[in-house]
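Paired with subunit B in one complex and with subunit C in the other, subunit A is shared by the two complexes that follow.
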Partner chain A sequence: MTTARRMSASVAAPEGVGIEVAEQFADATQQRHAAQLGMWAWLLTELLLFAGLFLCAAVLHVTHPAAVARAARHLKVWIGAANTAVLICSSLTMTGAITASRHGWRRWMLRCLLATAALGTLFLLLKGFEYYQDYLEHMTPFLDRPYALAGEPATRLYIDLYFLTTALHALHLTTGVAILLGMTWIARKPRFLHRHQNWIEVYGLYWHFIDLIWIMVFTLIYVVPR
Partner chain B sequence: MSTSERAFRDPAPAPATIGRPPDYLHESHTLRSWFLTTDHKRIALLYLAAITAFFVVGAIAAGLIRLSLVVPNGEIFTNDTYNKIFTVHGVVMVWFFLIPSIPATFGNFLIPLMIGARDLAFPRLNLLSWYIFVGGALFTLADLIIGGVDTGWTFYAPFSTTFSNTYVIPALIGVIIVGFSSILTGLNFVVTIHAMRAPGMTWFRMPIFVWTHYATSLIFLLATPVITIALILLLMERAFGIGVFDPALGGDPVLFEHLFWFYSHPAVYIMVLPGMGVISEIVPAFAQKRIFGYRFIAYATIGLASITFVVWGHHMFVNGIGTGAAVVFSVLSFAVAVPSAVKVYNWTATIYKGRIRLQTPMLYAMGYIGLFVLGGLTGLFLATLAIDEHVHGTYFVVAHFHYIMVGGTMLAFLGGLHFWWPKFTGRLYPEAWGRISAFLIFIGFNVTFFPQFLLGYLGMPRRYHDYPPEFQLLNILSSAGATILAAGYLFPMVYLIWSLWFGERASANPWGARGLEWTTPSPPPAHNFARQPIVDFEPYAYPDPPADDDGAAHVG
Partner chain C sequence: MSAPDTEPSLGGLLRHMRVAVAAFAALLVGLGAIVVLGVVAPSSASSVIMLVLLAAMVATVLLFSMEVPQEPPLTRFFSGLGFAWVAILVGMTLLDYFTR
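This part shows the complex of A and B:
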């Protein structure tokens, strides 16, 4: 805290940073601890939500290596890689927002939050483009049109899992962007950091986590089985 | 005895009604103050009302099932109707009654009181999870009753995704929604227990009730998302044809069973662990004795919560998992018996040479111990590969899990309800009626479900109402037992509600029990404690039993 205050002195109009203690907590430390722990617990359940899908894909990979490799080679690994880069950048901007919030630099924090939301949206656009490419290449076995790898049933389950996993991730990211925009809207008011700096910290965990999940999706679904 | 110990264990008698600060029930009376409350105690009562309503629905369905089974050849209902009825029963009882029952009501009410906190860590989240629960459950219920679903509570694919002609999709959506309420409750409990304990309330000073809820919450957090994803996959397959389970769509039906049981076996421990916590509070209070082997019970709780994640395969012995895997799952399932038995021995040892008072909660607790042993032992039969080949999919399985879920969890629920009723409401229930209903339930339960072991052993399959005439006698016995059981449930519903207005007023600690929750007035004030408690005593600090055997020594 002291360092933060000292550093903020060099910047124009820094704000006081803190949290409003809710009545069930004894003090701010306890509240911060509880909020962080709560987010970690939520992330744990999210991890298990995806784990089921990863496990299915992994088992399929072990039982039908050739078919899975063929299916995986149809995935657009370059788009996936570009998206990985986009999300890593967004984690960087999110970290920027957290650091700025700790120092009470509200303006910078808002800019970083908007940049994070923009990168998240870019990811979704790229993802949509990728789905469109899949559609053009007849890699959508569940739609009522010919399927490129119809001869091999095991590829079908893999591709279905690919769609389900990436769609679930995209859903998380969409929610994430929505929350981010909502939070930016609230945070534009002066004195936000005075009362709710904690929100930025806790939300940051969630954003990094979505990023991490994507890295797992990319490695486990796109890269490893090729 | 140190000062704070005296202050918190034997609180001064509550001040007279006049001039006493209003308790949580009387603080305000508007509807709004109930439906928008963030007080964990009021939310607990909201849950109590909701799950009681769902229990009644599930029980009516059970009554219809037993009615249909009175005659062979399934003459009373059509096959379709019968399938829909047992689906209502299973879905409502498992998902809308048993899973939230003890954690969402007693856990919600008591965890903050027991650890000396003012509320749960996230009170608004707590209210939200009630709304999610009620919303999701009512949605499903409307679907089950107006439309009807015939898959059973297990939603096995590909029947549920491809072949069933009933309204499966809304049911799935509702159950997925209710799952989020479990997750949020579990999250709230875990954080509360980690971060909100009163000064001096170390982990090994927590009552066993809190330990079991901690373990249950971990299962909520780790297992519920797996059922969520499994049901989402079902939904995607049924609604959009994205094949995951149906072989015709490139899927694998055994995969569903793996995902389903990876959750649903731990879920049976969601149902049973909180009950064990309740029994661990009742038994020492009514034996007036320190609980035997406190640490062993705490470790056994965590042990159960861990082993429970690696035994799901015992539901799939005859469904095409390999012999090697089956043997491993069988051995692991046997291992579950060890921590379960540790608990039973510890309760028994607690009772041994205690100053036993056979009041209603203790009657329920004793019933629990006996029935849980029977249910657990038959679980071991089922975990034995050779026997399971024979009785899988029969009434033997039905009897096994009813011994644990009804004989265990339901008795613990009722025992706990009577034990903490004075704390919840500030009123005592009529003791004589309590004892009568406890006996009725115990007898009715055994008459209903013991014949099902025999039926199953003789080969009567579950989920069919068309059975050969030679099974009729045992089925009639079972249905007759169900009527006794129903009477046993009706009594508490009537006299507990009666006691809200006419029951004797309860003191802060009517049972002479130990634990922080008994140091607050009955009912407690809105913020639980007048000042922050400081804990410098062990849990279950009951006075040591008399050294001689004639029991003449005085209490304390």
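This part shows the complex of A and C:
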């Protein structure tokens, strides 16, 4: 087993913190860099996916400004803001898990991972409540029921885009919480940090990226078009 | 390799996360400013300020949460390339709409 630490670390790797080198890698540093690069390559495809949706929102805003502003004012900006704060908190707890894993503090790492999963779940519950409120207010044009802004067809495009973007993000978050809980289950084993500390680092990138995307969703879809 | 650390108190953990806590506070301030501008004073000027704040928040996450500056050069190149590509995508499309 070879011990490797992230380059940002300012202290030497504590005993029992490292990664098990797979046979295709020359050393732990190469394996760690490959894992980080692989995650970044995937995150960039995700960025391009969401960027396409943000671009659609911008084009709608330019072509139908009044309708988009009217539709955006029906969105639950306070729930969106609360959810943004929840995800910012979850990024801090995820950083706590990464920091603890670098020092070999297993109990703090597990607590922070569970706190991150709990905050992710809270986000999803708030999102579900928001969707329910949209349903009650007849702001679901894709369903076979009356639509509150039926007189303005362009609003339908924007509301459909809102649901598509937020549902896609929620899907990513649901997957993220599931992976997080699975990883926490595995990480409870005493020797986890001896062999797989970089799992926490790589997963942390994904979680921070989900946070980053939501900050963009909230600002570009909920607030700016108002 | 140093000796294994003993588990610290919450304060001890937070002392190792000063940069992350500062980034957390900055993100919350940014969020508050965006909400106030968007809800209380929506206008074209406030939209520009909100977009600047958004860029600052994205940069904060990339620099301090995702620790891009500490990544190897190839990964830094990849992350920069992705955002540059998005800037080209958005910039050229909106340029078309704004100049019609």
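Just so it is clear, the second predicted complex is superposed on the first by the 211 of 226 C-alpha atoms of A that agree within 3 Å, B and C clash if a C-alpha of one lies under 4 Å from a C-alpha of the other, contacts with A are read in each partner's own complex, and residues count from 1 in each chain.
The rule we apply is simple: a residue touches a chain if its C-beta (ideal position, glycine included) is under 8 Å from a C-beta of that chain, and two chains touch if they have at least 3 such contacts.
Only a predicted model underlies this, so the values are computations on that prediction, with no experimental measurement involved.
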{"item": "Combined model on subunit A where subunit B meets subunit C, clash or fit", "value": "fit"}
{"item": "First, second, both or neither for A:Arg156, with subunit B first and subunit C second", "value": "first"}
{"item": "Contacts of A:Thr99 with subunit B and subunit C, given as first, second, both or neither", "value": "second"}
{"item": "First (subunit B), second (subunit C), both or neither touched by A:Ala81", "value": "second"}
{"item": "Comparing the two partners subunit B and subunit C, which touches a greater set of residues in subunit A", "value": "C"}
{"item": "Touching partner for A:Phe209 - first (subunit B), second (subunit C), both, neither", "value": "second"}
{"item": "Touching partner for A:Arg226 - first (subunit B), second (subunit C), both, neither", "value": "second"}
{"item": "First (subunit B), second (subunit C), both or neither touched by A:His33", "value": "both"}
{"item": "Partner chain in contact with A:Val62 - subunit B first, subunit C second, else both or neither", "value": "second"}
{"item": "Partner chain(s) touched by A:Leu44 [first = subunit B, second = subunit C, both, neither]", "value": "both"}
{"item": "Inter-centroid angle subunit B-subunit A-subunit C after superposition on A [Cα, multiple of 10°]", "value": "90"}
{"item": "Which of subunit B and subunit C A:Thr121 touches, first, second, both or neither", "value": "neither"}
{"item": "Minimum C-alpha separation between subunit B and subunit C after superposing on chain A, in Å", "value": "6"}
{"item": "Footprint overlap on subunit A, where subunit B in one structure and subunit C in the other make contact", "value": "33, 37, 41, 44, 48, 51-52, 59"}
{"item": "Subunit A residues within the subunit C interface of the complex", "value": "3, 6-8, 11-16, 33, 36-37, 40-41, 43-44, 47-48, 51-52, 54-55, 58-59, 62-63, 77, 81, 84-85, 88-89, 91-92, 94-96, 99-100, 103-108, 204-205, 208-209, 211-212, 215-216, 218-220, 222-224, 226"}
{"item": "Residues of subunit B defined as touching subunit A within the complex", "value": "117-123, 183, 186-188, 190-192, 194-196, 221-226, 228-230, 232-233, 236, 240-244, 249-252, 255, 259, 262, 527, 532"}
{"item": "Subunit C to subunit A touching residues, read off their complex", "value": "1-5, 7-8, 13, 16-17, 20-21, 24, 27-28, 31, 34-35, 37-39, 42, 47, 50-51, 53-54, 57-58, 61-62, 65-67, 70-72, 74-75, 78-79, 81-83, 85-86, 89-90, 93-94, 97-98"}
{"item": "Residue numbers on subunit A that touch subunit B, as the complex places them", "value": "23-26, 30, 33-34, 37-38, 41-42, 44-46, 48-53, 56, 59, 141-142, 153-157, 160-161, 163-164, 168"}
